[in-house]
Amino acid sequence: MSVQLIAENLCFYYTDEDGNRLSGDVLKNISLKIEKGSFVAILGHNGSGKSTLARLFNGILVPISGKVLVNGIDTSDDDNIYEVRRHVGMVFQNPDNQIVAAIVEDDVAFGPENLGISPKEIRVRVDNALRAVDMYDYRLHAPSQLSGGQKQKVAIAGIIAMRPDCIILDEPTAMLDPKGRNDVINTIHMLHREYGLTVVLITHYMDEAAEAERVIVMDNGEIIMDDTPEKVFTKPEVLQAVGLDVPQSTELLWKLNMSGIPVPINAINEEDCVDTVINLFT
Amino acid sequence: MIILRAEELTYQYSTGTPFEKTAIDHVNLEIEEGAFVGVIGSTGSGKSTLMQHFNGLLKPSSGHIYLNGQDIWADKNKLRDVRFRVGLVFQYPEYQLFEENVYRDIAFGPSNMGLNDAEIKLRVYEAAAFTGLTEEQLFQSPFALSGGQKRRAAIAGVMAMKPEVLILDEPTAGLDPMGREEILAEIKKYHQKTGCTVMLVSHSMEDVSRYTDKLLVMDKGKIFCYADTNEVFKCADELARIGLAVPEITRICNSLRKKGIPLDESIYTVDEAVRQIVHYYKSKSGGDV
Amino acid sequence: MLKDITIGQYFPGDNLIHRLDPRFKIVMTLLYIIMLFMGDELYSLSFGIVYCIAALVLSKIPVKLFGKSIKPLLPILIMTAILDIIFIREGTVYFQAGFFKLTEDGVFTAVKMIVRIIFLIIGSMLLTYTTSPIQLTDAIERLLSPLKRLHFPVHSFAMMMTIALRFIPTLMIETDKIIAAQKARGAGFDSSKLRDKAKALVPVLIPLFVSAFRRAEELATAMECRCYRGDIGRTKMKSMNAGICDIVSLTITFIMFFAAATVAVLF
């Protein structure tokens, strides 16, 4: 499997235009590899540095020291920046503030237009992207007529119409209602499955992270855990110490354990949890 | 005692056009004084619209709202007074901050009430204490605060009016788990200390279940049910049918019960589940744990 | 409520008027407006009216919509008409009471003025109702492109208009929300005193500006992420190709225009 994103000894803090330091260390010596085609969730509370990391991965920010490589291309090289962004698409938290055009299909066309693709090809890509996120029927709607979840799907279509091989989503569901959240998360999984997109999902919802292939937990600018969801979520004490939730299934097993009942903390979903508890009595 | 009462309340918008929609449909409801009520329902169920009726921001198309037995629309001149007595915190309330410092922003409501400076000061400090804002933060620009602190400053701005009923529309939307927990705990503390009626609108079953004693479930502009919180979670299947998920722990306990473990029908917190499972485990193993 | 405003809105459709090349549509609308204001007599005005009604019928946009949009402007129209009637004192006198004199010229001018303004509004609304905002800004960008040689930032100008059109509804909804939130804290928007009204605006305008700037910043980042770099190497999904329909329509417009001009000069 080839490598999509590499961070090498990444350090970052915010500076003003003259290079004077404006913040403490936001990222502290982070090294990380993300494989092509994988589904990675980055979990952390606000201010843990997770959003900053995302912005470094597509060159909106450049590292103070260390390196970020996207498909082997260094993001700090200004000449490569559009190549980097073509490979790594980004979806943000507020769906309203990333839609440029007043008609859905025109907005989806915005990215491909910037890439200088032929009008015919753009049309094909726009239609395909809208079908992929199940928003084709809304192609002539104004964004203000759509729900939050629908707007976020339009934003996702706008990215996939650029045919990136990686998509980074920075808390895409934080402002959505449960239905919109579900809808967007399902769409992301579908894109990963059907199109083999590399997905980096930044979130503070543990249930969204639990469905990823790999979970990276960040706190205070550092990576404190990097493992499969099963391994990460079965360490509730670590997660709670950094202000994160665990699934209620894990919490139940953990608290039973603490009450002196010898039950393994091995479940991160309902079914497994039920099985574990039943085993206790048989 | 009943503090808020809705009688045959109906609210329609775009009346007479093809876009006509009934957001609230003949709602009858009584809220007891001092209750901590969770309000839940999917988007478009009418829950936010109903809340905006309670403080007179929206006028019913038909029906009445009574605050302490008084029809709030009986005398239009007293409507502003109703807004001070029923405080409403909107979704993403930090977008309403505008003053040069947090103190003055929190004081905006109380000074609109025409209170004297000493009383205003007292109320600002009290509200700041409820929401965990420090003295230093009070004299910062609200725009210099972090997201969670801005949210608290905005909530404090409504608490400082000392409303008899405090309504919060999704006060934790967009916050991380720690921020959510802190704000909910502060609201709970406010409820306990002041004894005021609090209504908490939320999408999260987990959140409302842990903090409230009564639940109002809305669906398609109607009241689906209004009952004690533990009663509501007994009907997990009906809730699922209107698109509301009961907490994960309730679903786990329901599955366990179906497989023969004797648990109550209305478990909605992890701690209660642990207590009952431990109890059963001890009884089975002869109490040697 | 603010949301009810329909001016500048686009109604998707598929008919002759919708399909016309937006560049031609803009030129035709300009010619039409000149047509309306050319000449002093009803004869020349009637060309514009006939032209507008024909376009209206072809567009299949319900007349009711136009009525709704004109309604808020009625007070201004009536005011202008009254002023015309009071201050134009020439011509046959129909009725006189003290200073007030109702004359043929006064009534005539007032009627012409109202008809002109109403048709001006209908004509320009027809343009925005049948042309999507993006098409409109694209067309303006292309029509103005000769100005690029004079270093006028035509593309940035068009992009600014696109974004403005996109965010007008968003900011209107936001304004409604902020007003409601401040009302809930007892802000007085009901006072009739001008000073109080101005003061009441502060708690609305500051949050609105703060939010608009935040949106602008986030949007700029999102646009950069989508490889936006001005018009360098940029293509357009919807290309504009003038067809026979466009040329015929423009020709008809020109014929009407010159006919109206001739009539205006002759009479």
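Brief remarks on what is shown
By written order: A, B and C. Residues from 1 in each chain.
Basically, a residue touches a chain if its C-beta (ideal position, glycine included) is under 8 Å from a C-beta of that chain, and two chains touch if they have at least 3 such contacts.
Computed from a predicted structure; not experimentally measured.
Just to note, of A-B and B-C, the chains joined by more C-beta pairs in contact are A-B. Of all chains, the one whose mean C-alpha position sits at the greatest distance from that of chain A is C. Here the CA centre of chain B is 44 Å from the CA centre of chain C. Chain A and chain B have CA centres that are 30 Å apart. Chain B has no residue in contact with two or more other chains.
Of all the residues in chain B, the ones that touch chain C in their complex are 52, 55, 57, 80, 83-84, 87-90, 93, 95-98, 108-109, 112-113, 143, 157-158, 161. Chain A contributes residues 45-47, 93, 147, 174-175, 177-180, 204, 206, 243-245, 247-249, 251-252, 255-256, 259-261, 270, 273-274, 277-278, 280-281 to its touches with chain B in the complex. On the side of chain B, the complex with chain A involves touching residues 42-43, 146-148, 173-179, 203, 206, 243, 245, 247-249, 251-252, 255-256, 259, 261, 270-271, 273-274, 277-278, 280-281, 284, 289.
Looking at the complex, you find that chain C touches chain B at residues 174, 177-178, 180-188, 190, 202-203, 206-207, 210-211.
The part of chain A that touches chain C in the complex is made up of residues 58, 60, 82, 85-86, 89-90, 92, 94, 96-103, 105-106, 109-119, 122-123, 126, 140, 142-144, 155, 158-159, 162.
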